[in-house]
Every structure is written in structure tokens, then in C-alpha cells.
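I'd like to ask some things about the structure below.
Letters A, B, C and D mark the chains in the order given here, with residues in each chain numbered from 1 onward.
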Amino acid sequence: MKFERYGIGIAKGLTVTIKHLFRHPTVSQYPEQRLNISRRFRGNELIWNQEKCTGCGTCAKTCPQGAIEIITSTDMAENKYVVEKYEADTGYCIQCGLCIESCPYEALYFSHNFECAKYRRGELVQGKEEMLETPERKVSGYFYPDKAEKLPKQTLLIEKVTEKR
Amino acid sequence: MTVALSGKEVASKIEEKFSGSVVESTPENLVVKSDQLLDVARFLKETGGLDFDYLNFVTAVDYYDHFEVAYLLSSLEHNHSLMVKARCYDRENPALPSVTGLWQGADFQEREIYDLFGINFEGHPSMKRIFLWDGFEGHPLRKDYI
Amino acid sequence: MAVRTEPFVLNMGPVHPSTHGVFRMRVTLDGEVVVDIEPVFGYLHRGIEKLAEQRTYTGVIPLTDRLDYISSMSNNLAYCLAAEKLAGIKVPERAEYIRVIMSELQRVAALLIAVGAFLNDCGAYFTPFLYMFRERERIVDLFEMASGQRLTYNYMRVGGVSQDLPEEFMPALRKFMDMMPRFMDEYDQLLMQNEILLARAKGVGILSKEQAINCSISGPVLRASGVKWDIRQADPYSIYDRFDFDIPTQTTGDCYDRYRQRVEETRQSLRIIRQAMEQLPSGPVRAEVPHLVRPPVGEAYAHIEAPKGELGFYLVSDNSIAPYRCHIRPPSLINLTALRDMVRGWKIADLIIIFGSIDITVGEIDR
Amino acid sequence: MATAGLNIYHLARLQAVSPDWPGGFWWHWLFFTVVIIGFVLTMVMGVIYIERRGMGRMQSRLGPNRTGPFGLLQPVADAVKVLLKENIVPAAADKLVHWLAPVIAFAPALMLFAVIPFENGALLADLNIGILYVIAISSVSTVGIFMAGWGSSNKYSLLGAMRNVAAIVSYEIPMVLAIVGVVLIAGSLSLNDIVVAQNVPFILLQPLGFLLFFAAGCAEINRSPFDLMEADSELVAGFHTEYSGMKFAMFYLVEYAEAVAISAIIATLFLGGWKGPILPPWLWFVVKIILVFFAMVWTRTTLPRIRIDQLMAFAWKFLFPMSLLNMFITALQVLAGWPTELVWVMIIVNIAVMAILVLVWSRFFFRLGGGRVEI
């Protein structure tokens, strides 16, 4: 600690911190103040479109974690696959989004939800019914820009002015 | 742009000094005999015009019948690089000379190869496992490890 | 003048406030003086190189996010470059620019954390750390907008990027670029000339030029020792040869120089982003690449200048859908080679700041 | 104040003036014991709140704001939490020393307040060697801290404790010498008399003394930038690494009680103690304590920590000679006859002397030693 600069550097630093005392804090109080998340948010759940799905199983093959399980049977009369079991283990899912990108029939989306904590591991496995789109389970705009436009705009920290009080 | 030196040209230079040390040379890389690796490496590092003073990385690849250890060398002065390889055909006790004396940067990487492939680098100051614990059985990155 | 006492071994880590994760050092101390240290790795070893051998070329990308988890974009870029080199894929122009913008923003974010954590190690009680995190937050917001995730972006793909930027991205980026220099100045004012910091960091942990090269040190640590070696200019990957930027270097190679080096590199990164923003063309962002890439037999090594140093991927292909071998050159691990020589003879407090100035991420060391 | 019939401060003053009449001494003793314990505990809670909120705002966040209005009950919540925690004693610890350490560390922090006047004459014991008592008692808590470091059989704790002992031994000297200047001017060692003597706050008459005392005081109570006894980025938590539950709470309390004590002493010695217009004297005293404490929070938020050898060099090569010079100059001024009517001239002279001394000393004489040791 040479005082050859006589504490000018220390004084400069002290002015910066005291300035921040009179500025708006950057943080927001989570459960009360909610920020809008990204329109492309990769939520903790998958949303599956039963009508569009052909049961090809590309999503299950792409998943690097092996979190998607799909069992199909052949419907000879209609000449197509019938999805008998479709399960996504969100406990294993790493939200990489490769299944959504790989789906050739645009039948799989991410949800826009993030508060999906459960009490049991078993509850994390999404069955067929829990993967359908509902008003609570909104579709995220990830990989589908047309869906993104309907979602609220993301709140950005750059929009929040922390300079003035 | 870093110029990747042709393995063939460098191989001819090496052959002048240590004849019979180069096993194979392609435009991309050159494979040297494992027992002469240290001499070749010193030659590459200290010869004017080559001056490979920087070791980018060391790694090994398991090809079932042999291990191939690859050294990517660069020269910060001349901005050129060369991939040098050495092969180990012994699966039970593979061994290679350590290059830590020339490039200290190989220290942890050779330990890593020892840990994950089981190739013993002779002359390394502390040849012991780096990521896995001491009692671990097997070497995970070998292709026959399940 | 030094009084000798009985040396004793202090176990620092794997749980310690300033080992930046689960890193462990066995430190032999003589009083307060560090006599010897032995780094112990492996507490976060997940076997990413082995896992990569069982995944498709695209499926490895989420794994690379988890290497150096504070600079995921750079990891994505390095892996994609290696895979493209292996498969001979040409990336569209717009995708190249987006990649540059993203990786430079990532560099700013990662260097901010590095500087903040370093100052925190010096004992400035969380203030610089939180200020830096606030700025990083602005960048992470942008990443979230483009990729939908805040830490593991998984944004780049073999042959481009996963999706085009949203239309609100560029205005936000422009606003960020206008604000950032002002904040940078404020941080310089906060501690750059602080007498206590100068006393603590100047002349401490000097890494000589020769040793830095011999130990394969890369990145800001190498340049702080006075070696003008930046892969962005020495071996330009992507489209870095189109931008005009300087490579700052320092002279001594002590902790203070490494800190200064990081701050100056941040400014250069902002310069690159500004140029890339102006030149950003329109067009497709993803080349026509089959979903399961099947590169020809061969090997490829692609390296980039990641925030920590030279990050490289060495891929060997056997013409299957999964890499035969995927080796990662981890800058954090290799930069630690010189740690022992740097800290010997310094005090235990210096050990912390020397270690902090190297700036490691354990996810990348252990892989 | 007179309107409030049962003003306890008036009662206190009445008792304090003549504490030796029959029975009154014990009444006085009991009353002030309760007042001091209450005062210290409430002030500790207050300063913890101030530190956390102030630091939060300086770091661009909010600080605790959930418990109670504006988070005012946060210290209470913390206390309850920490009391309910399990008491863990390491197997290899010296049980008795480990148990005794927090008590020994805590007692002096309370004892310090015995001689600090809350108002004119309102103090437990108006010792005529008050300031000497403060110096003597304040270093006793080091024993407790060293016991904690030794008794927990942890290398981090031991390192922290050793650092603490080294620092306290070095910083006592400049601290005492800085006080001597004040004592010379006031002409008394009693803290009450010192406050009474301050027609002008002594910070103006003794600016150098104030700086030295502030720095040495910070070092004595482990406040940043001299907090390297519990340096969280180096030694995890220093001497109290192995403490949990109630014992940890005691150390936490000691830390802040000492901070309050040093703030109170600085307020008494240099800022005119309870003196001030309009507001009641005890409120002035509290306000001054909080001001001094806020300065400590401010430096803690901004400054990095110094190294142990630099800490020692700073004490012996900067503070010690400066405090000697300060004492010498003050003694000369007092000897030459303190010109009471020309007090503003003296203030200007003293500030100029301080500036010149600090500049000259740091430019030409002060050098840090230490650095790398050849192995």
C-alpha cells in the first residue's frame, strides 16, 4: 500500500459506491414483481400436438438424454401409427430443444412455464394428457416465430434505468 | 493464418537427423516411432526454422489394435503448426516417453491420458490418476471399457 | 529474514469460497508462506469425452454447454467449427455474423465474471462482483431472447445457428452497446487505481513470457505476460479476419496485469461487436445439413479464442453418426500448469488472488 | 425533557452524580447494567440492519426487506434461526476452550461501555482513567478469539487467530498513541471530562489523530480493509469456522458489539460525544455512533483486503511514526499554551500539519516490505 497516490484511488472507489446508494436497485422482488421471460423460453415441460403427431419417433431418437418414450401401434384400417404411450421425463430433460427442432411435423413445442416444481420424482414424468396445450400451459415460441409473436414482450434489464433515482 | 506444415516436408528434415524414426507421413501429420519420440520432439523444438515452442494439446485415440497419441505443436514465432503422432501397440502396458521436460504444458494432459487410456508416460514427474480416484479399475476412454 | 517454522498441510477445497467451484488444492504452508501446492482435480468429472462418443454430432452440443458453463456460446462455437471442418460444411454469411456477435458478447460476459471474481478474491466484499453480474445480466438477457435459455444456451448448430435473431434483438443490442462503455468506465473508477489493490496485485504471481509459452498457457493470461498471441488474429476462424481490432498485451505478467488485460479485452470485444452489428447481412442462418451428420473418415482440430484461452475440439470420425473420439482442449486445465511455480514463496492470501487471476471454471477442467 | 416526569435519563443522571450514598451504588450499578446490555443488544441489531441494508443498496440490491416493516426484524429472525441451530463441536476440539472462547470474547465488548458516557454524567463508572480502561479491556477479547482458533483444532481457525493476535499487538500501539493527543488537549483521562472539554469536536483539532485512530480501530475489530482474521475468501471464516448455533451467534454479536464500541469511542473522543444542539444528548450520541459505523460499512463495501505483512508494515511503518509525531506536535502546542480564543486558527494549522505529514511520510519514508519469500 504505497501512498504515493495519496489515496486518490480509494477516494474514487468510495464515490462510486456512495453513488449507488442513491440509485435504484437493479433487483426485482420475484414472487410479487414478475418479469416477462423470453418469448423463446424453453420451459420445463413439453407440449405435444396429438393431431399433428404421426408417431415417427424422431424426437425420441434425437433426445440426447433419452427422456422421451414413445410406443406406437399400427392402425391397419387407417394405415397409420397410433401413439399408445408418449411420455417425457422432465426430470431427465435438459431443455436442449433438439426434439423440437427435429420434429418433422411441427407437433412438439416447449411450454412457456417455469414454475413446475414437484414434490416427487415420479410426478415429473409427463403423460400424454399432461402434454396437451391448455390455457395454463402456453406454447413457447422456441423454433416457431409465429407462436412467439402472441407472447408478451420480454422485460430487459437494459430497459430499466438504474442511473437516476 | 496458422500454416499447417506438411508432414512430408518435416519428415524429410527429421529423416536427415534420425533416419528411420518416421513411420508414416501425410500432408496433415507425421507418425514417429515411439522410442524416438523424445529425440524428434527435441529436434522439432530446437531446430531453427521449426521452433515448435508451443504445445497446443496432447491426446490419445484408441483404435482397438493400437493407441495413437497426437501432439499438436505450434510455433508462436513463425505461426505454423504440425501434428505429430506416436503409436503404442501394447494394450497391456502401453508406454511412451514423456515430453514434460520439453513442454511443461503436457504435464496435466499426460496425466489425463494415463488416467483415461492407461498409457504410461515414462519420465513424467508424477504419473498418477488425475480425474478418477486411485483405486479406480479400468481406463474409461478405451473403446473396450463399458 | 524469514523465520522458518514446521511446514503443515492445509487442505483447501473442494468446498472453499474462492476455489471457484469444486477445485481442491493441497497446500503446504510454512507459517503463512506457501511452500508447495498440489492441485487435485476430478470432483466434477462427468466423462463428457466418453459421453460424446455415444451421441450424435448434434447431440454433443448440449454437452459442450456444460463444459465452461459461464461461456457456453464459445464452447458451442468451437465444437461446431470442428464438426463443420470435419464434415466440410459451409456456414451461411448471416450465421457467421451472428456467431461472432454471440461469442464476443459471451466473452464480455465471461470476462466480467472473471474480473469480478478476481476482485472478490482480493477481498472487495462482493461489490465489484455484483456490479459485474449486473452487466452480465444485461448480456444474458440478450442471450435469453435469442436462445431461450440463460446459462446453457445450446444456440449454435453444425452449419449455422439454431434460429434467426428475433426482431427485437438488434435494438436491444444497440442500446446495450451504447450503455456499456459508461459502465466500464465506472468499474475502472471503482478499483482500477485503488492503492490497496495495487499493493496486493502488482508484482504478485509473475509469470514470465518463456514459462507461459512453455506451459502452453493461452488466452488473457498468456497475453498479460507479453506474448502477442490471439487465435482470432493468429489463426482467424469464422470471419474474424474481417474485423479491425487490437490485441492488447501487458508487460510484467503479474496479477494486476492479468486484471488489466481482461478489462482491455472487453473493450476490444465491444469494438468487434460494433463492427459486426453494422455489417450484419440478411439471409439464411442455417446451412442445409442433414439431421444426422455423417462426416467422412478423418480427423479435425478447430480451436477458438475462448474467454479463458485456446479452446479446441479434436474430433475423429469413422463415418458414423457419432464422433469416434472427441477430445476437448481445456484452457482452464492447461493454464493451471504454471500455478505451482507462480505461487511458491507467496503468502496464502496471494495464493488466492493468483489462483483467481488465472480464472478457471471447474466444469471445463474436469469435464 | 423535564415535562416527562419519569424520564429515566434524568433519573440516571441523578444517580450518577452521587453513586456512593447508601444503597444508591447498587441501584446505580443494576440500572446501568441493564441499560448497557439493552443498549448494546439493540444497537447491535440496529447496526446489523444498517450494514446489511446500506451495503445492499451500495451493491445495487435491496438487502433484507421481508421480515417486518422494511425488514427491520431481520436481525431478530437471524437470531432466532441461529439459536435453534445445532451446536456442533469438532471431535478433535479442545472442548473446554472451545466452549469458553465465545464468553471470553463477549464479556469485554460489554465491559467497554461501562465508561462511555451516554449523557453528561450518565455512565456506569466515571473512572478517572477511563480511556486507559478502554484500551486495556478492548484487547482482552483477543484472548477469546485466540482460544476459539486454538480450541477448534482447525488450521483455518488457527491461521485466523494467529493473524488476529499479531494484528492486535501491533495496532494497540498506534491506537494508544493516537489517543494521547486527545488526552493532552482535554487534560483528563476520564471520557466524561473529555466530552465536556470538547467545545469544538476534537476531529477538527486532532484530524491526524482521528485518521490514525479510525484505521487502528478498524484493524482492532476486524473491519475491512483489515478484516483478514476472518477473511472469507482466504480463510473461509477465520477463527469461527468451526462454530455453529449459539456460540457462533456470540461471535457475531462480539463482532458488532465491538464495532459499536469502537464507533462509540470514536464518537466520544473525536466527535463530541453526547454534545449537540436541539436533539436530546443521548440521541446525538446514537446518531454519531451510527455515522461512524456507516463510514465503516462504506469502506467495507468498497475496499479490498490487505495482506498480513502489509498490515504489519502499515502499523509499524506508517501508523506508529505518524502517531508519535502527532503526539509530539500536540504536546508542543499544549506546552506553548493552547490559544483558546484562536481555535479556528489552530484547526487550520492542524489540518495543514496533517496533510503535510501524511504526504511527506508516504512519499519519502513509507515503504512496504515483504513480498515473495525464496523457498
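As a convention for this text, a residue touches a chain if its C-beta (ideal position, glycine included) is under 8 Å from a C-beta of that chain, and two chains touch if they have at least 3 such contacts.
This structure is a prediction, so every number in the text was calculated from the model and none was measured.
Colleague: On the document's contact criterion, could you list the chains that touch chain C and likewise touch chain D?
Modeller: A
Colleague: Just tell me the minimum hop count from chain B to chain D, counting one hop per pair of touching chains.
Modeller: 2
Colleague: With respect to inter-chain C-beta contacts, which pair, A-D or B-C, contains the greater number?
Modeller: Most C-beta pairs in contact, of the two: B-C.
Colleague: In terms of CA centroid distance, which chain is the most far removed from chain B?
Modeller: Farthest by centroid: D.
Colleague: Report the inter-centroid distance (CA atoms only) between chain A and chain D in whole Å.
Modeller: 51
Colleague: Can you work out the whole-Å distance between the CA centroids of chain A and chain C?
Modeller: About 25 Å separates the centre of chain A from that of chain C.
Colleague: Just give me the whole-number Å value for how far the CA centre of chain A lies from that of chain B.
Modeller: 44
Colleague: Would you please write down the residue numbers of chain A that are in contact with two or more other chains?
Modeller: In chain A, the residues touching two or more other chains are 1-3, 10, 13, 16-17, 26, 162.
Colleague: I need the residues of chain D touching at least two other chains; which ones are they?
Modeller: Each of 58-61, 301-303, 306, 310, 368 in chain D touches at least two other chains.
Colleague: Taking all chains into account, which pairs touch?
Modeller: The set of touching chain pairs is A-C, A-D, B-C, C-D.
Colleague: Considering only the defined contacts, which chain A positions touch chain D in the complex?
Modeller: It is residues 1-4, 6, 10, 13-14, 16-18, 20-21, 23, 25-27, 29, 162 of chain A that touch chain D.
Colleague: In the complex formed with chain C, which residues of chain A make contact?
Modeller: Per the stated touch rule, the residues are 1-3, 5, 7-10, 12-13, 15-17, 26, 37-42, 58, 62, 64, 94-98, 101-102, 110, 140, 142-143, 145, 148, 153-154, 156-159, 162.
Colleague: Would you pull the chain D residues touching chain A in the complex into a rising list?
Modeller: My answer: residues 54, 56-62, 65, 298-299, 301-303, 306, 310, 313-314, 318, 358-359, 362-363, 366-368.
Colleague: Could you list, by residue number, the parts of chain C that touch chain A in their complex?
Modeller: 55-56, 58-63, 65, 127, 134, 137-138, 141-142, 144-149, 152, 154, 162-164, 166, 168, 172, 175-176, 179, 186, 189-199, 291
Colleague: For chain C, which residues are in contact with chain D within the complex?
Modeller: Residue list for chain C touching chain D: 2, 8, 10, 16-18, 30, 32-33, 35, 119-127, 130-131, 134, 190-191, 194, 196-197, 199-200, 203, 344-350, 352.
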